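Below, subunit A partners subunit B and then partners subunit C, in two separate complexes.
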Partner chain A sequence: MSQNLFDSWRDQPLEEVLYQCRELYENTDFPTVRAWRDRGGKVLGHFQVYFPEEIVHAAGILPVKLRGGNIQPDKADSRFGSYLCSIIKTSLELALSDKIELDAFVTHPICDAARNLGAIWGRNYDYPCEILYLPQNPNSAASAEYLRGEYDRLQRMVERVAGAEINDEALRHSMAVFNRNRALMRELYEIKRQSPEKIAAEDAYALVALAGILPREEHNELLAYVLPMIRESAAKQEDRIRIVFEGAFCEQPPFDMVRSIGRSAYVVDDDFMIGLRWILSDVPRGRDPLRDLALSYIEDSSYSPVQHDLRKRKEEMLVRRVRAANADAVIVTAAKMCEPGLEEQVAYIHGLEREGIPFFVSEFEENQSSFSDLELQLETFMENLLFA
Partner chain B sequence: MSITAGIDVGSTYTKTVLLDADNKIVARHQLNTGFKLAEVAEKCFQACLAEARLTSDDIAYIIATGYGRHQVAFKDLIVTDITASARGCHLLFPETRTVLDVGGQTMKAIRLEPDGKVKSFRQNDKCAAGTGAFLEKTARYMGYETDDIGGLLDTSRDPAEISGVCAVFAESEVINQLSLGTPPADIMQGAIESLTTRAVQLMKRVKAEPGHTLIGGIMRFGTMSRAVDSRIKDDIQLPGGGEDRALPQFVTALGAAWLAHHRLRKLAGEGSTPTPAAA
Partner chain C sequence: MTNPTQAIVGRGNREGAALFRDWFSGLNEAAEEGRGAAYVFVMGSFNEILKSFDLPVVFPEINSLQTAVRRVAHEYLEEAEDHGYSPDICGYVKADIGTQLRGGAHPMGRIPKPSIAVVTNACNTYLKWAEAWERMYEMPMVTIDIPGTRYAGGETWSGDRHFENDRKYVETQIRELIKTCEEVTGKRFDIDKLREVMGHANGISRGWKSLLDLNKHRPSVFSALTDGTIYLGVANGLRGDERGAKYFADLVEEMEFKVANKIGTTTEEEWRLIFVGVPCYPIFRRFNELFTEWKGTFVHSTYLWFASGGSNVGFEYELADPIASLAEGSLISVRDSMDSMFHHDRVVESMLDGFHVDGVVYHPIKSCRTVSTGLADGRRALGERTGVQSLFIESDMMDRRVVSEAQMKNRADAFFEGLAVRRNQELVSQ
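And then the complex of A and B:
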C-alpha cells in the first residue's frame, strides 16, 4: 500500500492532474491531513502569512497552512465579532467542526485579530497554541539574533509535541526539501510570466496551495511531474491583458474569483499564498540552521502588508513585480475587513499612479459566490486599456 | 486584405460576422445556440467561412463576445457584449448616443460617448422579463412558434393589455385574455407593448440621449421598433432600415469584428481608432 497521501495524479495526463489538484484544494474535509493523522502522524497548524515550516518538518510533524476555507463559520461566529475578517473565523471553524485536527497551533501578530486568535484557539484545546513573534523591525541589527531566539523557542515547543529532539542534521535535510520546493514554485511562476497561456490562473494557484496540506516531499514530486507537462502544453496564446493580482497575502480569494479573472486576463504574477513562497532563494545550510532560516526571512524574502521593512517599500516592490512580469495592469484587492490589506491599498494606488500603471481596485470575501459583476467590471477595465 | 471575425455567442442565437479592412461585411451566419456553446461557436464560424469561401487561416483576428464568449476556444480576445454592441452601432450610425439591445435573455440600454465608447449601461436582472424569451413563451402558450411571431403581429388591430412582464406569470395572463376572446395577434402585440414599456424605463435609467439605435433579435419584428419609435421623442435608427431585418441581430458580432481590426492596427503599431464607414 502506498505511503503517499495524494496519489490520484500519478501517471495521469496534465488535464487530469490539474483536475485532481483543484478537487483536493477545494475539499474542505482536508483528506490528506486526515489520512496523515489516521496513520499516527502529528499535525501543527499555522495561520497566515509566513511560518518556518522546516522546523516542524524536521520533527516529523506535518505543518499545515491554515488558510480558512469556503465553509460557514457556524461555531466560530460565537467566538468573534462580526466586524472581523472571514479567514479568522473559518480557520477556527475548521478545527471546531473537526475538519482539521491538530496537535499544536501557531499564529502571528500580523493584525489584532490574528494575534487574538492564539488565545481564542487555546481556550478550546489543550494542545499548545502559540504566537510566533516575527521581528516587527527587520531593519534592526539585532533582528536576526532576536528571530533566531524565537525560532529556538518554537523548536522547543515542537520537540515537546513530537516527543523527540530535533537535531541540526534533520533541520538541514528539511531545509533542502523546502529549498527544492521553493525552486519548483519559482519555476511555475516563471512559466506564468513567460507563457501564461500554458497554465490557467486557478490551476497554478491550486498547485501552489497544495504545498500547505501535503508533506513537502510529495508536493515536490507533484511539481516535478507536472511542470514539464505544463511547459510542453500547446495552448493558444490570446491577446489578453497581463495582470498582477495583489491582495491575497492572508485571506485567499475564492477559487471561482481567481477562475473568473483568469478567463479574461493572464495573471502573470500574484501574491496568492505568498507565505509558501516567502523566501526568495535557497536558504543556506550552514552550521547554525536556525540562524540561516532567520537570516533568509530578514534578508531574502518577499513583501506583504504585514511585514514592515524600510528596505522593501511595498508600493515599490509591487511596481518591481509588475515590471518583472511585464504586466499591463494590476488588480489591487483586499479581503473585506482586512485592516492591513485595506491600508496598504492606499500606498499601492499612489505607487501605481506615480508610475502610470493602470489598476483596478476591488474587495473580496472567501465565502463570496457570485462574480458576474466583478467580471463585467474587470472586462470593462481591460477593454478600456485594449481599445484606448 | 485582412479579414477579422466577430463571434457573438448569445443566449438564443450564435452569430458570426466576417469583416474586411474597409468595414464591409464579407459574410455572416447564425445558428441556434443550444447548450454546447464551444461547438456551436465553431460550427457558426466554419459555416461563415464556407459562405465566404475562406479558411480559418484567412482570418487575421477573432473576437468572441456574448454570454458564451469564454467558451470560444479559438478566439484571440474576448470583449463584453456591451462594448461590442456599442462599437457595432457606432460603426453603422456614428451619431448613435443610446443603444437599446433586446436579445433572447437580456435587455440592455447603453449610453455612448461620441467616439463610440461606453459611457454607462443598464441591463435587466437575471429574470427573462422584458426579453425575447418573454415573447417566445407568450407565443408558445398560444400554440405558435417563434417564427410565427412576425406574421402574427402584422395582423394585430387592438393590442391587449398585458400588465405583467414576468415570463412565468405571462401564461396566466394569456389564458385570461384568450378566455375573454382576445385574438392571439392582439395578445402578442400587447406583449410587445409591455416589452416596450420596460425598454423605455431602462433607457431612462441610463439618461438616454437623442441618437437611438435599436438592435437585438427582437428588432427583426418591425412592430417592436415602431412601438419604441412611438414612445420616444426621437427618430430611431434601425440597422438594415427594415429591409435587412436580420441585421439588428448581427450588430454585436459586427462590433466585435470591427474591434478586431482596431486591435490589429494597434498591434501593428499604428495605434489609431478606425474611422466608421458604411458596413
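And then the complex of A and C:
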C-alpha cells in the first residue's frame, strides 16, 4: 500500500494532474491531513503568513498552513464580533468543525486579528496554542540573534508535542527538502513570468497551495513531475494583458475569482500564499541551522504588508515585482476588513500612480461566490489598456 | 473659605485637565516655531528616551480621540477616506491622516510635524500608521519590537533564557533609538538626564498602580471610564515629567482621602462594573450615563491597563543601570498591556473578587481589531468559568456612523434588569 497521501495525479497527463490538484485544493475536508492523522501522525497548524516549517518537519510532524477556506463559520461565528476578516473565522471553524484536527497551533504577530487568534484558540483547545513572535524590526542589529532564540523556543515546544528531540542533522535534512520545494516553486513562477499561457492562474495557484497540506517530499515529487509537462505544453500565447495580482498575502481570494481573472488576463506574478515562498533562495545549511533559518527570514525574503522592514517599502517592492515580470498592470486587492491590506492599498495606489503603472483596485472575501460585477469591471479595465 | 473636602475632592480632574491643556499649548508652540516632534503611541511610548532629548512628544491616538470627543471626527475621517483610506480601518489612523492633510490643524491647536516616530508592535496598526508618516515626511521611523506573552500564562521573567533573549533584543533596539535621537536632535545622549526622567516615570507608575487599587473600596472613588480617561491622558502625555509625577502623588492623596471619608463618585453606587474595550468617544458622556442612570459605576477597565502601556504593573526602573532597566521595564509593561487585550478574560477574572464586581461590559469596536477580535470568545470563556453577567455592545471609538445610542440603551437597560433579577433570585435562595 502506498504511503503517499495524494496519489491520484501519478502517471497522469497534465490536464488530469491539474484537475486533481484543483480538486484537492478545493476540498474543505482536507483529506490528506486527515489521512496523515489516521496513520498516527501529528499535525501542527500554523496561521498565515510565514512559518519555519522545517522545524516541525524535522520532528516528523506535518506542518499544515491554515488559510481559512470556503466554508461558513457556523461554530466560530459566536466566538468573534463583527468587522473582522473572514479567514480568522473560517480558520477556527476548520478546527471547531473537526475538518482539521491539530496537536498544536501557532499564529504570528502579522496583524491585530491574527495575534488574538493564539488566545482564542487557547481558550478552546488544551494543546499548545502559541504566538511565534517573528521580528517586526528586522532592521535591528539584534533581530537575527533574537529570532534564533525564538526558533529555539519553538523547537522546544515542537519537541514536546512530538515526544522526541530534534537534532541538527534532522533539521538540515528538512531544510534541504524545503530548499528543493522553494526552488521548484520558483521554477513555476519563472514559467508564469516567461510563458503565462502555459499554465492557468488558478492551476499555478493550486499547485503552490498544496504545499501547505502535503508532506513536502510529496509536494516536491508532484512539482518535479508536472513542471516539465507545463514547460512542454503547446498552449499558444494570446493577446492578453499581463498583470500582477497583489493582496493575497493572508486571506486567499476565492478560487473562482482567480479563475475569472485568469480568463481575461495573464497573471504573471502574485502574492498568493506568499508565506510558502517567503525565503527567496536556498537556506544555507551550516553549523547552526536555526541561525541559518533566522538569517534567511531577515536577509533573504519577500515582502508583504504585514512585515515591517525599512528596506522594503511595499510600493517600491511591488513596482519591482511588476518590472521583473514585465507586467502591464496591477490588480491591487485586499481582503475585506483586512486592516494592513487596506492600509497598504493606499501606499500601493500612490506608488503605482507615481510610476505610471495602471492598476485596478478591488476587495474580496474568501467566501464570495459572485464575480459578475468584478468580471465586468475588469474587462472594462483590460479593454481600456488594450485599446489605449 | 474652602473646607478640606472642597479643596481636595475633584482636584485630580481639575488639575488633569489643566495639565492636558498646557501640554497641547506646548505642542502648538512647537508647531508654530517649526520644531519637529516625536510621534509615539500609548503602548510603549519611550517618553523616557525622547524627553531626555527634550523632544516634544505627540500621541496621535490622543489627538484622534479628541476629535471624536469634540464631535468633529467625521470631518477628519472623511478627509482620509477621500485620500484613499477604507471606511473599514482604524478611525484613529484616519483622523490623524486627516490632521496631517490639514497641516496639523486640530481642535486643540496645531500639532507639530514629526521629526521622528517611535513605534512598538503592541498594536500592529501602529506600524502601518507610522509607515504612512514615513512616506509623508521622510523622517526616521524607529520600531521597538517588544515580544509579547506567547500563550496564556506563559510570562517569563528575569533570568529565564527566553526572557533574556527578549530583553537583549529590546535593549539593543533602545540603544539604536538613542543613536537615532542623537542624529535627529544633534544632541549628545545624557544618561543622567535619562535617570532623572526615569525617576519621574517611576513616580507615575507607582501612582498609577496605587490609584487603580484604591477603587477596590466601596463606594468606588473614581469612574474608571470617565475620570480614568483624564488620568490616563496625564499618565501618557506627562510620563517622565516632574509635573506628571507630582500630579499622581496628589491624585493618590485625593483618592485616599475619599476612601477615608467614604466619598464616592457622583453616582450612587448600586452596581459595580468592569469595562472591557475602548470607550465610545463619539458619545463619551452619554455612553457612561447609560450605566450611571441605573446606578452602575465602572470600578475598573482593561483600557486603564493596556492604554497606560502596562503602567498598572507598577514597574519601577533601577536607575543605576537605566538602559538595561528600561529594556526590562518596557518588556514587562508593554507585554502586560498586550496581555490585557489578548488575555482579557484572565485579567477580568483577576479583578472580579477584589473589586466586588457585579457585571462586565464589553465594548468591541469597529476601529480596533487588537482590542476587539477576542472579546466575544473571552466573554464566553469568562462566563463559563465564573458565571459573571455581562453585556456585549458593538460600536466604535471614532466613527459615529456605527454608533447607535438607542440600540445601546436598550441593551444596557436589559442588562441591568437581568442583574436585578439575578440579585433578587440570590436573595430569595438565601
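Please note the rule applied: the second predicted complex is superposed on the first by the 388 of 388 C-alpha atoms of A that agree within 3 Å, B and C clash if a C-alpha of one lies under 4 Å from a C-alpha of the other, contacts with A are read in each partner's own complex, and residues count from 1 in each chain.
Basically, a contact is a pair of C-beta atoms (placed from the backbone, for glycine too) under 8 Å apart; a residue touches a chain by one contact, two chains touch by 3 or more.
Remember, predicted model here, so these are calculated numbers, not experimental data.
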**Request:** Following the overlay on subunit A, give me a clash-or-fit verdict for subunit B and subunit C.
**Result:** fit
**Request:** In the overlay, answer first, second, both or neither for which of subunit B and subunit C A:264 touches.
**Result:** first
**Request:** Would you check which partner chain A:239 touches, where first means subunit B only, second means subunit C only, and both and neither mean what they say?
**Result:** first
**Prompt:** In the superposed arrangement, does A:322 touch subunit B (first), subunit C (second), both or neither?
**Reply:** neither
**Message:** Per the contact definition in the header, classify A:383: touching subunit B only (first), subunit C only (second), both, or neither.
**Reply:** first
**Prompt:** After lining up the shared chain so the two structures overlap, which partner does A:18 touch, if you call subunit B first and subunit C second: first, second, both or neither?
**Reply:** neither
**Which partner, subunit B or subunit C, touches more subunit A residues** = C
**Request:** With the two complexes superposed on chain A, say which partner A:226 touches: subunit B (first), subunit C (second), both, or neither.
**Result:** neither
**Prompt:** Now for A:209: first (subunit B), second (subunit C), both, or neither, which partner does it touch?
**Reply:** neither
**Item:** Minimal inter-chain CA distance - subunit C and subunit B, angstrom
**Value:** 23
**Fill in**
Listed in rising order, the residues of subunit A that touch subunit C in the complex are 78-84, 88, 109-113, 115-120, 122-124, 128-133, 135-137, 139-143, 145-146, 149-150, 153, 305-306, 308, 310, 313, 334, 336-337, 339-340, 342-347, 349-350
**Asked** Across the complex, what residues on subunit A touch subunit B?
**Response** 236, 238-240, 263-264, 376, 379-380, 383-384, 386-387
**Asked** Okay, in this complex, where on subunit C does subunit A touch?
**Response** 83-86, 88-90, 93, 121, 123-125, 127-129, 131-132, 135, 141, 143-145, 147-152, 154, 161-162, 165-166, 168-169, 172-173, 176, 338, 341-343, 345, 364-366, 368-370, 372-378, 380-381, 392, 394
**Request:** Under the touch definition given earlier, write down the residues of subunit B that touch subunit A in their complex.
**Result:** 61, 70, 73-80, 82-83, 87, 117-118, 259, 262-263, 266-267, 273
